[in-house]
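We just call them A, B, C and D in the order they show up, numbering each chain from 1.
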Amino acid sequence: MYFIKEALSSFRKNIVQSIAAVTTVALCLVVIGLILMVMYVGGEIIEGIEKKVEIEIFFDNPETIQSSGRVTARMDKIQEIENTVRAWSEVSKVRYVSKEQALDKFKKDFQYNPEVIQNIEGNPLPDSLRVSLKNPRKVDAVANRLKTIQYVKDLAGDLDKNVQYGKDTVKRLFAVTRWVSIAAGGFAALLIFVSLVLITNTIRLAIFARRKEIGIMRLVGASNWFIRWPFILEGMFEGFIGAGVAILILVGIWRTLFTNLASGKVLAFLSFQIDQTAFIKLILLLALSGAVIGSAGSFIALRRFLKV
Amino acid sequence: MYFIKEALSSFRKNIVQSIAAVTTVALCLVVIGLILMVMYVGGEIIEGIEKKVEIEIFFDNPETIQSSGRVTARMDKIQEIENTVRAWSEVSKVRYVSKEQALDKFKKDFQYNPEVIQNIEGNPLPDSLRVSLKNPRKVDAVANRLKTIQYVKDLAGDLDKNVQYGKDTVKRLFAVTRWVSIAAGGFAALLIFVSLVLITNTIRLAIFARRKEIGIMRLVGASNWFIRWPFILEGMFEGFIGAGVAILILVGIWRTLFTNLASGKVLAFLSFQIDQTAFIKLILLLALSGAVIGSAGSFIALRRFLKV
Amino acid sequence: MIRLKNVSKSYDGDKPALIDVNAAVTKGEFVFLVGPSGSGKSTFIRLLLREFLPSRGEVIVAGQDVVHMRSWKVPFLRRNIGCVFQDFKLLPNKTAFENVAFALEVIGRSRNVINTQVPEVLRLVGLEEKLDRYPDELSGGEQQRVSIARAFANRPPLLLADELTGNLDPATSLGIMTLLNRINRTGTTVLVATHDREIVDSMRRRVIALEDGRIVRDQLKGVYGYED
Amino acid sequence: MIRLKNVSKSYDGDKPALIDVNAAVTKGEFVFLVGPSGSGKSTFIRLLLREFLPSRGEVIVAGQDVVHMRSWKVPFLRRNIGCVFQDFKLLPNKTAFENVAFALEVIGRSRNVINTQVPEVLRLVGLEEKLDRYPDELSGGEQQRVSIARAFANRPPLLLADELTGNLDPATSLGIMTLLNRINRTGTTVLVATHDREIVDSMRRRVIALEDGRIVRDQLKGVYGYED
């Protein structure tokens, strides 16, 4: 079509401006893409840390229960609690930790202070249920709900003491992760804004340099849209190519990082992974936004030269 | 002087390009300034975390020592170690933790498991020295050196068990902080590179749009430097103004963040602080680099139009 | 075809370039616009094209009130006017062919028509060998001829020409004037601003003379002037 | 002053714009360069300015071999040549005054000299009232006169003029030619490329005629031509 031909030939003939626009789009999208990637990975890491928040229900020692005359079916009751809680939609995992397992853990923690261990007689540690949540932010609500279960009241006695989830630690953790996300999000938003300004700036400069041409076209009787279309298509084209370049660079960075990280030991504990779909989505998003930014930039930049 | 007057008038007469250049410089410097600020604060935080790494020397129980016939002047020996170690240049702080303090801490940690505490008879915990380092990365070396002190050998017996610094935790911590710094540094470097390209791009476009003018000047007999100076000064000027705008924006962001953070509770645990000098240095750095980038950009962009 | 009523035009604040001009050109006329440098000839022509509005007065072109015209209608007005500009106003990124073709693309002519018509028009002005040259690869006179070719490529009912032959040698000028004459005879109204005494004197057409923004002479079968 | 020996110039690949041109102009001469549109007049002048190099041959201006000249010396060559360009080549961001002043600033004239000399020169070409106008606020002829003023502002020993009067009316043209004549009489060598038969014929100076890139006539006290 005429407009497309016109846009392509203009792209070719104004190669300096075209290259400038493509570079700007590409570099901006690379930076944005990188920060999105970092935010994604960071989000996974934070989620991983938050997942470690769990609610512990310590049960009173059987002896104590015995003395209150309710020995029978203790394990049944615990099983019952476990089943009930597991059915809750907020809960992802419920794990029973026996007295013996707790003692093993304790001994391991204190292996360098044998005196402590030596002085413990028998097994003073309680058995417990550990409840992990799908959304750790609901820990407060779930804990409160746990405390209303009759069997928990029966077996854990002093609820405030025996239903535990490190309230303060959790609060602090969430405060930190919240602030990190806000900061990263703010930075990303700033980068996107800056990129938009820079890209429209570049396109505006390119079009400004051609304002005389635009004036001539108008004097020869071209309507505004007739003038506009090739510019918009050219901007779209530049945005597209820029996004393409950005994608190539991002894939390159991604590959190098991965091989480097996979060979090092860092990968292991960062559990560094992005699934394929997220990456493809990112790529498509970049290509699309490149084209949109390019054409919108042209459109905006043209306005002031198209007042008849 | 002629060149300065020329540069200023050109800045004014090509206001569209001037504004574009100033905006580009300003926005790029804002982003760079922000990431430098974040890196600075992040560095402080990381340093704070790393500072928490300490070496613990657990001393054998007096009873054990008694049995080997060396009771006298035990506290003197500990005092001696403390003094020796405190004199080392790598060490920032040495703190004595008595058996009683250790037990208090233990009781607090286990306040929700009273059974554990109830079952401890007497105080099985040892007294200890806690050594903090100026540069936590030297923890390995300092620990090894500690082990060679005679009194430590005397009082701590099994050195491997009693001189402790969470070797694995420290290693992991350092790996994480190292990777975070590398990633942040890489990102900052990328941003700086991108900014350089974008700024020279903008200036190149502006100069490209005026290539005809440059050609005319040359035809009228202007030497290359006669043409170049006003452009370089103009670029410098644009860079300077851009840096000024960037500084204003950064100060603005800084202020808002500070008031917001100070009113919230986050400030407390992030120990968020930048000292005045660092900030002023940052500002001067930005202003200077703005001017340098602007003039260098002009110089580079001019080259191809000044081949006689 | 053209009517100016009490038209004045002053560029911001300056002493006016046109003062109280009244003129009417009927369809099919051939008019020379003469006058010393800076007397307002180009301003006259640019008013007809609605490059800007007059400060005062009425401008009517092809029956349309140019002053109160809606801005979206302006392109349609201009498509009915072919104009040769004093500074050519060629698109620097288009070849001679493409420059002329653009005037036809604007009015929606098909590729076919363009491919036959453009070389034909360029041949008429003697540029058949330079179709693919960019403006800055053409000599001054050749650029002027491209501008001329573009102006009448789509056979507009009104042809304006500002300094038509300033960069052309007498022989070529004569050729162009003969061409204009022929176009005029097919019914096109032609208005030519020129300094070329030789041409004006030899053609003996209507002459409108401007001086300091005022019409000082409007003469059928006129000559360039009395001076020197 | 000027010597061309077997000079040919072809723009990339095309049929040459100048073919085997030999010419010599001595100091103080006044020469017209005539020829039809596209015959190579502008190319001739641009070679003297070293806007580009000839494809073959030798160009000597003011005793200097232009072809083998070091590039840093070129500005110095150009400062000794005043040139009126066919397309004026005014700096769009400078006023008429500043445009002329630029040519003096380039050779390091003091502010004082500039402030007295520039208005003087612009007065000579009749623009004393338009010192502060930007080029696009001037009529075509006025722009041309600014270009003329700039060319002789620093009293160069060699004055080149390409299409000096294309946008000027006969009266103004005559004024300019008288001015050139006067300048020539002070010893300045003048070379004028023109289509203005009237002027060439009335001055009866040396005429070099180009046609299709070849010199076809070189005549003392010549006229514009024989044609039509």
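Following the convention adopted for this analysis, contacts are C-beta pairs under 8 Å (C-beta built on N, C-alpha and C of every residue); 3 or more make two chains touch, one makes a residue touch a chain.
The structure presented is a predicted model; accordingly, all values stated were derived computationally and were not measured.
Asker: Where the centre means the average of the CA atoms, what chain is farthest from chain B?
Answerer: The most distant chain relative to chain B turns out to be C.
Asker: Please work out the Cα centroid separation of chain B and chain C, and write it as a whole number of Å.
Answerer: It comes to 70 Å between the two C-alpha centres.
Asker: Taking each chain's centre as the mean position of its Cα atoms, how many Å separate chain A from chain B?
Answerer: That pair's centroid distance is 24 Å.
Asker: I'd like the Å distance between the centres of chain B and chain D, where a centre is the mean of that chain's Cα atoms.
Answerer: Between these chains, centre-to-centre, one finds 65 Å.
Asker: If you connect every pair of chains that touch, what shape comes out? Choose line, ring, star, complete or other.
Answerer: Ring.
Asker: Let me make sure I understand the interfaces: which chain pairs count as touching?
Answerer: Touching chain pairs, listed by label, come out as A-B, A-C, B-D, C-D.
Asker: Which residues, counting only chain B, touch chain D once they are in their complex?
Answerer: The touching residues are 2, 10, 13-14, 213, 216-224, 226, 307-308.
Asker: What residues on chain A touch chain B, complex-wise?
Answerer: Within the complex, chain A touches chain B at residues 16-17, 20, 23-24, 27-28, 30-31, 34-35, 38, 58, 61, 106, 112-113, 115-116, 118-122, 124-126, 161-162, 164, 172, 175-176, 179, 183, 187, 190-191, 194, 197-198, 201-202, 204-206, 208-209, 265-266, 269-270.
Asker: Residue numbers of chain D touching chain C in their complex, please.
Answerer: Against chain C, chain D makes touches at 11, 34-38, 41-42, 86-87, 137-142, 145, 162-163, 166-174, 195, 197-198, 224-225, 227-228.
Asker: In the complex formed with chain A, which residues of chain C make contact?
Answerer: Of all residues in chain C, those touching chain A are 49, 51, 71-72, 74-79, 81, 83, 85, 89-93, 102-103, 105-107, 150.
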